[in-house]
């Protein structure tokens, strides 16, 4: 069985569309996971018990079960209680929250590692607890976790393929569709691997840029 | 006219079973400069941190300008009250505690802008005023990581001054500095003394204390062992413990 | 009999475009104690680090007991050679750099056991000998995190001594310490001096330097500005720059 | 030709997803059963070899065939021209028709009304293309369970699917649906997929298939699993 | 909620969970090995090794694990690599997660204070000795938690091997969804089992982490 890439170009449009969706999901879910991660981390560390306990249970649910299952429940389960989300939105929320919980773990550790003197320095100036956390602690904690969070973003990009379970035609599913028509799996999988790699390179370049900017203020 | 501006009455403080402060009394008049000296672990930092409620006292009272700082209030009101009085108390730490993610300008303007609602123009005027005072105007847009230790500490002082505090607390402001850099910070503190800023200074530099302070407290094991003008404390201390402490210091500093 | 034990010839060192050391020459005889003083950034640390090849020189030579340290060798041989000579050079850093995951005993025995193949009994005898010397025998099974700064630094010295080095390098061994803890470390260094250990000491403590050293080097901007016995350098320096530097120091330390 | 190899080995390896009742699925004893394994087993028997059933996610089933991980896919694979270029089909061994389902009591009673409502289809099936060609407003899903769920959830008003699996779901009492017959629907054949260049294997399988249709075995299997003739 | 159905089929889910656990354990071992080698290569003095390490991380982290698995399992035979599905699953997933773990390990090693290395070298320890006796023991404590996150992702990632016909927990659930039309019940069952596995692993990681911190 030799490789025959001549079938690929006729599916170019489909793959490109899939790639567009993959990028869109990754960006939206990436942003959600970033800010969600901060919110979860702050809630887990500073919120009163009554919020912290359910938060911890929520985090454990998301850490403990496969993303596939979470997406399924968000899309097919929530509608049964009257919350009707479009597939794309459900996908973004599922992916976003899943990785927000991961990011929150990183940010929590890094918040705890911010020098206690920073907190005292700010409080001494008269800033309130909330102001101190928002303006002094969080900005420093987030900077410190950009590299490991980059790891998560790259994982998120790849896991966006799971959104196909709720019928979103992203890159991997687009390729599988093309395969189920043409029966040319290797050609398409290689093409798709290349597409992911390409997005990944852009992502890595972006991360390096952010890291350099942050390094400038160190 | 001397009013007792800062007043500490029967202050006591324990961490668990460890009693760190035991019945401390201290009054500081407006414009006065008080130095606190004493061996490591004697409770100097704890006392300063009690004044602005970073480590609230176990018992006793702290007053600033006729207002009691360590009042018992419901949590929300206490928060607001504490944030308010802290704005009147500038504090400078041994390790500067500059905010690494903000420039010098950002460090200095953060609190005034958030708490006093200064406009950008007002804030800029304020930074320039304070930086000129500490002689660092040219570093206005640098990040702290690019400053030397002495410069960092001067920025920390400017940051505290920008809130126009009524009293300044210094906790070993120079002891993390390389020896050459100490002088520039001491200069700034001397200048504040000339401007009659009320100050409480914890320090290991006896000579500096002697040259700027109105009064010196020697603390050991949580009590004030001896208190008086620098000439008395440094030249003719009454207490044996004070003499011992000073002897050690002088031995090291080439007496 | 004086042989030149450590010898540095025409040493130069650049980091990128920045020339940090410029044509430095230095000889230290066996048993001699040399102090290096000078302002921050003058290249003192860089010079010490060049001696044991932590920051190899850009040009020039470093000799120890007739053997050139910074030889050009093929990578493998160079590695072996450098590891060999480093065993003869003890180094003590400003920030101690004790290994936090090992006890005091582990810190001290690690290198002798790995490099000299000591048995457990020999290693234990060695730790006890060295800890007795620095007066810390009772801390033998503590982890570094439970020690005070002065104790940490004494362990660091014991660790370096355990390799029976021919020369000891100290880079501001006391400047990260709280003032009261300096004395205990200086005591240990004085004791080494009494035992005629060859030492090169970078320090900011002029009085200590004056009391233990045979010779003082004043460095500024990568060159040795002036060199001589402490009595000359501290009392009658020839160079303007030396005088300026010392004046600042004395002003602070109550001269 | 691979026929000789299979005979020598004594085992015919067939693949299916195990997720497509009544054609292939797992029963409550965790065994793979259904029309497809029954047909596959019968073919193997007539070829004089044992059968081995492999379940694999549909995503990788074609790649597995091309990579020699098994000899045939007996997994309800629709025969299309495009696929025929890459692999060979034996059969069709059954045919099915497109059908449209709504909830009982739905106002939708004819194909014409689909224009104004939300239609659910399975991604990548021929029905998806058909629905698109008709210009319907569609939602796409990965499989029948999701389609059925969405019809009950009300996110779609009608679903388009092969009729037999839906009929079976209804018969199992899980769902109560109304069928809209589509007069324009063409029957679609499902074939056994094998690698290209194996005329002898194809012939042997074809012969076995023809023979079981002749002697009534096929009908017995069809009656057992589907409840009617689906040739 | 069809509890009767759950009670009837749960033994098969338990069997599948065993497959998931076996996959997870073997993949973790292989991943840690690849991670260690990858990290060592990336920090090596030889630029050839550094380039190999960087390429490994970039490619295996940059493309989907599913596709790597396909290429290994289905493409492997063409270059003479005949693996059964389980072996291919372990190797494919292990090499993939190894790329992530390499970065985790490198991060931890590089964040050990530079002074530690210098102190060790100053005493005459060789690079390797300093690494083994001084740097690694300290890096170990820093990497346990982040590696725990990698392992968490890996356990869930084992579901991918369904595509190469290994019947593990997720695929068991999906097959039963196909035949029972009861997705919620089936996912609940598999989800609960995943949570148990991950909970136990989490306890183990926390224990290791605590142990490593005691000094």
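Which chain is which? They are A, B, C, D and E, in the order written, and residues in each are numbered from 1.
We take it that contacts are C-beta pairs under 8 Å (C-beta built on N, C-alpha and C of every residue); 3 or more make two chains touch, one makes a residue touch a chain.
Everything numeric in this text was worked out from a predicted model, so none of it was measured.
The chains that touch subunit A as well as subunit D are E.
Among the pairs A-E and C-E, the greater number of C-beta contacts is found at A-E. Inter-chain spacing, taken between the CA centroids of subunit A and subunit B, is 46 Å. Distance from the subunit C centre to the subunit D centre is 81 Å, each centre being the mean of its Cα atoms. In terms of their C-alpha centroids, the spacing between subunit A and subunit C amounts to 51 Å. Once the centre of each chain is set as its mean CA position, subunit D and subunit E turn out to be 36 Å apart.
Contact of a single residue of subunit E with at least two other chains is seen at positions 66, 70, 74-75, 78, 183.
Across the assembly, subunit A contributes residues 1, 76, 185-186, 189 that each touch 2 or more other chains.
Looking at subunit D, residues 59-60, 63, 66, 146, 149 sit in touch with two or more other chains. Chain pairs recorded as touching, per the definition above, are A-B, A-D, A-E, B-C, C-E, D-E.
In the complex of the two chains, the subunit E residues touching subunit D come out as 5, 8-9, 12, 15, 66, 70, 73-75, 77-78, 85, 162-165, 167, 171-172, 174-179, 181, 183.
Those residues of subunit D that touch subunit A in the shared complex are 58-60, 62-63, 66, 80, 82-83, 85-87, 123-124, 139-142, 146, 149-150, 153-155.
Against subunit E, the residues of subunit C that register as touching in their complex are 52, 54, 79, 83-87, 89-91, 93, 95, 97-102, 110-111, 114-115, 143, 145, 159-160, 163. Contact residues on subunit E toward subunit A in their complex (touch as defined above): 58-59, 61-68, 70-71, 74-75, 78, 100, 103-104, 107, 145-146, 149, 152-153, 156, 159, 170, 183-184, 187, 190-191, 194-195, 198-199, 202. Subunit E makes touch with subunit C in their complex at residues 113, 115-116, 118-127, 129, 133-134, 137-138, 141, 215.
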